[in-house]
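As written, the chains take the letters A, B and C, and residue 1 is the first residue of each chain.
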């Protein structure tokens, strides 16, 4: 994949990357099949005009995708592009159930082939998958800078430490007022908005911020809809909540993002900061694939090859959705992992 | 003086109470109506993209539409027949549109060649039989026999027939199986009263239109020329029947043009407004929206697979729930014992049905997931194999169970509403229970039963919770074409749009989706009202 | 004759002669309609109804187990107090009895029935219109046409003119007299003048479901055997 055109040296401004998404994706895929990993790999030649042949027209079937609403935009992008470039005989029923909801309701019951998750799979979930006779195969598809947000009229908080966030959200510390966190902040109670318990974001936040998985104070509004979190925050001057960076990025001006201090100074949430590791709340988002289905279904193999290539697409992942795309190296590792599983 | 006092004295307090109560009632009505109007306006405003339009543009369009509507209303108010024609033609077009959507979805599912196989093998021969046999007595059994026999033959020879039919263009198949028979039917109906020339013109014109429409109209993907033809036929058939009836009764047909004039006024308004050069509205609800699947980009997103999915689910649901509910209602009303311990059991069942009508829909979703989707087994024996999560059958059965208490109760009410005098008259004529039921009770109750069923379709089309529970997908890319296909429905996709990161999804695309759903629901309810009104007029 | 534990009729014993009009009169609640419904077993529809004794029709007890009430009602037609045509066309209303009896329907039968019911002239040419568009009197004559289309032996009429205006009533009364030439007519009425005008035989029921007197109409009205009947007829009672 050395000829891969993705330039990921840093993540500069968006304007430099107005490359047609299909061209990038198609070339990437052509490169893949050129390497001879798989004899009849689909060639996504639609717009690049490089004269490749379309050999995937016999590809058909249904791939059921469940899971996180955080991953949903990436799932939609991958499936939509795959149908445009490779084969529109493959049908993708996609549902948004939350990471945990998707695992519980569909993936671990063998109903879905792929489950999106905004947190790593839990050991207990892996065991249940094994009881069902399959292995959940993990692929990271993007990175997110989980954003702690406050109301636009909040003129006291600019930067907050992880420790302070933990004191806000922890069930043990009985903090109700902003001034309980820092004495110079107002004597007003905070109004908290966060992810629902079926959400992977909820799991991430409790483990990374509060310190223990699924342990959190119980007097906050939990929802699977990021829009409701944002609306809650923008309606109350003393509100605070967290949501994916992609939401904040797509709705500038509606809420104010806090800088996060993880011990090495304040960092504003951004894709750059998330990808170079300076933003403390940068988190990977994943898809998990049912290993049995992967071995059985050719369309699933072909789709994942395409999907993994697409996760490096700057235009789609960063510009259009607002997540951190995968690096060439990560893509290559994922592809290797995929081929190993298939064999 | 005393007399005068007695006549003029009124209880002021009681009067005041009356007036206050009247005001409160008026206020309650106003709140309800205004809230609904505000909702509809917001959604329409967003769906039609009026945000993007310059006020002048909006003013021009609204003025033109208002003028044409006002013109029609003023003209129609002077003449009762014109008024009636204007109202019934609008109703006929709405009914035709609903019929059209169902017909197109039906054709998408059965495919033109299978349709042609059964139409050619069974439906057409049956129609010919019905037309050829003059004696009333033998007509029905003979037609039924041909229908069943032809159906069996078509099923046996399905592969050959579909292959044969597959060679022709779909629209040609529709021309032969729908347009030509329709033309013959029109001829036989029109010829005796209107004469050969007119009947020939009508039938010939129909066939000509059947050829011209598919050839001349652009059929934007995913619609084919054949489907455009099917939709057009369904859309205008009720209007055609209405025009013919009015013609036969010697009534003027001027009023029938009313919907056309109103829409025409709006179109002219848009043309003029565009010519002014002010920014035009940028509608989210447009052809692209209705014919595309979801996309990550709001401008490319659409509702097509979900629309087809919703209507597919409704058709299967009605096919399952209608006979079961009517059967149950007939049993409970006409046959079930009403006295003794068995009568008490029937009463218990009756109360339970009424209670089931109030059970939250999410409970039906759970039931659908646990039983219908995943199946039931007793130890090693599979009692019910399970239809699978998120497929058409599961969704249709689950929603069918959901509406069944409502349809059973409304069917019972319709049956109960048949006057006892008619039953007694029938019995006194020496009719048996069965005759009375078939010839008196059911025909009279049918419109009421249909109204209840259609209204419950309107309820089912908006249900989300049970669909989420049974694992229906939020997003699918192509519409379901078989009972085992994964399905999404309008409210599922709309709900997903509400949670998108990109703001345009949550405003424009969401509004377009909600408006589509509302229009579908209102149109279905309008059909129910039409059926009921026709029935009341016949009484 | 009982409804549950309530006895509606007591020891009624009467003969109804063929091709005559027999009128049954009496005050409200005296059991005259109940008696009429016994004659074609319409009381069978009432679950709590029970009867003792016999009703003989051509020598056969119609309450015999071997008698099918459906077949019986084909011989004994009925016309009700309120006109109750089906919401079907005029033609289908008249043809209804033939259809449910699986007899061939032809236009002649329908025409004959409508002529006999003195309705033909008024509805000729509009047989396909709904029966509900007719006036009340026309509807009642249609119900009579419907009853005679199947050519029964007996026609029972339960206050057939009580819901109609005087003109329509007069027409119905004329019709009943004509019908008696071919059918046995039993008519329940609370209108004594009507009974006097049209009937050959009059039976008087008084309170409690007792048949008090039955005789030729003239006799009953001019020279009743019972004092109570006289009081009733002259308006002093009931």
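Here is the rule we use: contacts are C-beta pairs under 8 Å (C-beta built on N, C-alpha and C of every residue); 3 or more make two chains touch, one makes a residue touch a chain.
As the structure is a prediction and not an experimental result, all values here were calculated from the model.
K.L.:
Hey, which chain is the most central one here, using CA centres?
P.N.:
B
K.L.:
Farthest chain from chain C, going by the mean of C-alpha atoms per chain?
P.N.:
Centroid comparison gives A as the farthest chain from chain C.
K.L.:
For chain A versus chain B, what separation do you get between their C-alpha means, in angstrom?
P.N.:
Here the centre of chain B sits 41 Å away from the centre of chain A.
K.L.:
Cα centroid separation between chain A and chain C, in whole Å?
P.N.:
Result: the chain centres lie 84 Å from each other.
K.L.:
Counting in whole Å, what is the centre-to-centre distance of chain B and chain C, each centre being its mean C-alpha position?
P.N.:
47
K.L.:
Spell out the part of chain A that touches chain B in their complex, as residue ranges.
P.N.:
Per the stated touch rule, the residues are 62, 64, 66, 69, 72-73, 76-77, 79-80, 83, 88, 91-96, 105-106, 111, 224-227, 244, 246-247, 249-251, 316, 320-322.
K.L.:
State the interface residues of chain C toward chain B in the complex, per the touch definition above.
P.N.:
Per the touch definition, chain C meets chain B at residues 40, 42, 45, 47, 70-74, 77-78, 80, 82, 84-88, 96-97, 99-101, 104-105, 130, 132, 143, 146-147, 150.
K.L.:
Flag every residue of chain B that touches chain A in the complex, lowest number first.
P.N.:
294-297, 389-390, 471-478, 485-488, 496, 498-503, 506
K.L.:
Touching chain C in the complex: which residues of chain B?
P.N.:
For this pair, the touching residues of chain B are 136-137, 338-339, 419, 421-422, 424-432, 435, 439-440, 443-444, 538-539.
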